[in-house]
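Labels run A, B and C following the written order; every chain starts at residue 1.
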Amino acid sequence: MTRRLAVRLAAVAAALGALALLPLWVSNPYVLSVLTLAALYAIFASSWDILSGYIGQLNFGHAVFFGVGAYTAGFLGPHLPPLLVLPAGSLAAVVFAFLVGLPCLKLRGPYLSLTTLVFPLILERLAFTFRDVTGGEYGLRVEPPLSGLGLYFAALALLAATLAVLLAVAESRLGRTFRAIGDDDLAAMAAGINTTRYKLGAFVLGAALAGLGGVLYAYHLRHVGPEVFGLFTSFAIVIMGIVGGMGTILGPAIGAFFLTLLGESLREIETYRLLVYSGVMILCVLYLPRGLWSLGEALPALARRLGRAAPR
Amino acid sequence: MSAMLAVERVTKRFRGLTALTDVSFEVARGEMAVVIGPNGAGKTTLFNVITGFARPEEGRVTLAGEPLAGLAPHAVVRRGLARTFQIPRPFKSLTVGETVALARPSAAGKVLGAPGTGDAERVLRLVQLWERRDEPAGTLSQGDLKLLEVARALATNPALLLLDEPYAGLGPGEMARLTRVVMDLHAAGLTLVIIEHKLRELMKLTRRVIVLHYGEKIADGTPAVVAREPRVLEAYMGGRGGMAEHA
Amino acid sequence: MLADIVIFGTIWGAIYTILALGFTLIFGVARILNLAYGAMYLVASYLIYTLVTRFGMAAPVAWLLAVAATAIAGMLLYRLFIFPLRDTLGRVLIVTAGMAIFLQEVAVLLYSTEPRYVPTLFPGSLEFLGVRITHQQLLTLVVAFALVALLHLFLERTRYGRELRAVAQDAEMASLMGIPVERTYLVAMGLSTALAAAAGALVAPFLTVSPEMGWSPLLVAFTVVVLGGLGSLWGTILAAFIVAYAEMFTAYLISPQLRDAATFAIMIGTLVFRPHGLFGKGIVE
């Protein structure tokens, strides 16, 4: 375990620990609900990052994986004990990781991005069409085994586990291999790395984690419908990842919290949430290309400069 | 089968353009061959075909008798054949040490008599980058980047190493360093094929020159023989530095 | 039924040709994948809606104005947002996606998510082979062909057109020959946007106008270009008609909901199995 990893895990533990203790002071269910949603989006955004930020395949269709997880909760919820629904959702997402990942393996750059954009749209259409199975545009009702406070803790726990896994991977040789592929996949091939296998691996890892989050997401909404595959969810994840800072795992998680809370505080104009998100993202790409995380990195340097400038 | 590398009648076409036409040659184990030719002669394309980055329309490539047909680039590396790129392609997110440690050594390299360069420390010491192993790859100078390219390729424990214009963009000190590395590798028994424009250094050291022009092999032999070949003189007439001065 | 498929397939084929040509202009010339391309279609549709219903403008004038205004908007967007980021294709992709989403949400802000109806230029319809075709749809077909012909003439006969083609072939060489490459990119962007806008404004009267309408045109244009390749007019036309007929078949014979799924399937299928397109001059290197 490197020092960097230990520091980050400790930071995650501290932050999430604080959130876990929050209900001692705040009992407003609405606040807890928003934080639950933020935590779930943080799971989606950070699991997206291992693909897009590390391997460098800008994936616009991450919604496939947590949408499939959510629908699994809808289909199997009534039939399986709750403890089995989670792995089922994850497994279903992994199946889709192969379905999406295999065609995308040969593609790069914009071709990959547009293709990934299309997959959730296909699933959305299918969900509408096969209404007997999926409930069409009304979707499925989901009876959550956990709700309110219980779901809040579950989401935090899952987020903690997700971040721990992803951070460990990022600091490992596997993570360095991912980054090498993201930097230059031809050079990675020339170094003997089977880039295809690793790209697929990243898809599977991201999907597995997102699928778990998807199950909780369905519990949170008590409902799953085709809109989970819609463009809003796909784009929201990408925006959170970019605003937070791609390629850092923690950046997208922070981006998710930031944008979810921002969106909620503008609740009166809820329909314009995506307007604000996209506006923030455009500004970010132009002026803060490495996202909010880069602010965090700049702070110690800034502090040192200020320290030196201050009169003694 | 004594040839380490056999290129047999390779033809490569790209959308109407024929980049390589019926190119054939063999490189023996432990030999150092230099491939030269004017720009656009197809040298890098040849490397791409040999290393699996491009598929030839006709012909085939064998490594120690085993055909490399259809293998993906990483699989070619696993067989013991490594390459560098003309313009260095570093892993900017990684340090020098991490870059070299990431390379996957080939088992086959050992079988084919590779000089056992797979060890990261050994490789970095060879190119004199061991002291800088914790620096981010993106901060290196052009010359150091080229040496890092070589180091990364060596870390895959190859039996055959292809260097694509390793001298381009290097200052005199760096060129000397590179030459020392190349000679050390040659002495250790590594088979080398080098594309180069800057002939002066290498021509003194090599006994085998292959000349490509517009995708065809127009000469193949010792520097002296090649320099007198009429087609070669024609190709270089009015171009970069005459061949005759290297005879 | 078959007559419906053939006739509407032809109409949509013409529209998709326009869309694909516009996309080719910016992608083939500047190598920029403009994810906001569909948003231009959207903007033009809403513009024509506003001009006709809220300002009572005559339809042909409104059409021209919508196309011109959108083209200018497109060039502005290029200059302000794409040009500064041109070195990093990833960021261009993200910023154009952001613009597309932003414009879609502006439409929601101004017009709500309710679909809007644009009155037709030419009321009335006729019957052909047992199929009812509105005059608007016929007009669309005629105008689409006219636009294709005009574009072809522009590219072949005018100086700007020749510059465009030179830059598309080899930007570095073109710049060495003295062609102002940046200006050419701007012209390409303007033309590209104008074509998307033309398609949007043409289609608006017989479809409904809604904020989500920008994505299908983008994906269709991309699919047609992947299938038909860049740089061949006939390739593009053929691919556009293949996609249009495939959609019509799916809509009529399987389910109207799965209409774009047909396009998506063609896109993915082509990229995976025949990345160089039908004629081997595709966009994938």
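Basically, a contact is a pair of C-beta atoms (placed from the backbone, for glycine too) under 8 Å apart; a residue touches a chain by one contact, two chains touch by 3 or more.
Everything numeric in this text was worked out from a predicted model, so none of it was measured.
The remaining chains, with chain B left out and nothing else moved, touch as one piece.
Relative to the whole-protein C-alpha centroid, the nearest chain centroid is that of A.
The greatest centre-to-centre gap from chain B, using C-alpha centroids, is found for C.
With centres taken as mean Cα positions, chain C sits 32 Å from chain A. Once the centre of each chain is set as its mean CA position, chain A and chain B turn out to be 43 Å apart. Mean C-alpha positions place chain B and chain C at a centre distance of 46 Å.
Residues 51, 53, 72-75, 77-78, 82-85, 89-94, 98-99, 101-106, 152-153, 155-156 of chain B are the ones that touch chain A when the two sit in their complex.
Across the complex, chain C meets chain A through its residues 33, 35, 81, 84-85, 89-91, 93-95, 97-99, 101-102, 104-106, 108-109, 113, 212, 215, 219, 222, 226, 255, 257-258, 260-261, 264-265, 267-268, 271-272, 275, 283-284. Those residues of chain A lying in contact with chain B across their complex are 173, 176-177, 179-180, 182-184, 186-196, 247. Contacts from chain A toward chain C in the complex involve residues 56, 58, 60, 103, 106-107, 109-111, 113-115, 117-118, 121-122, 125-126, 128-129, 231, 235, 238-239, 242, 271-272, 274-275, 277-279, 281-282, 285-286, 289.
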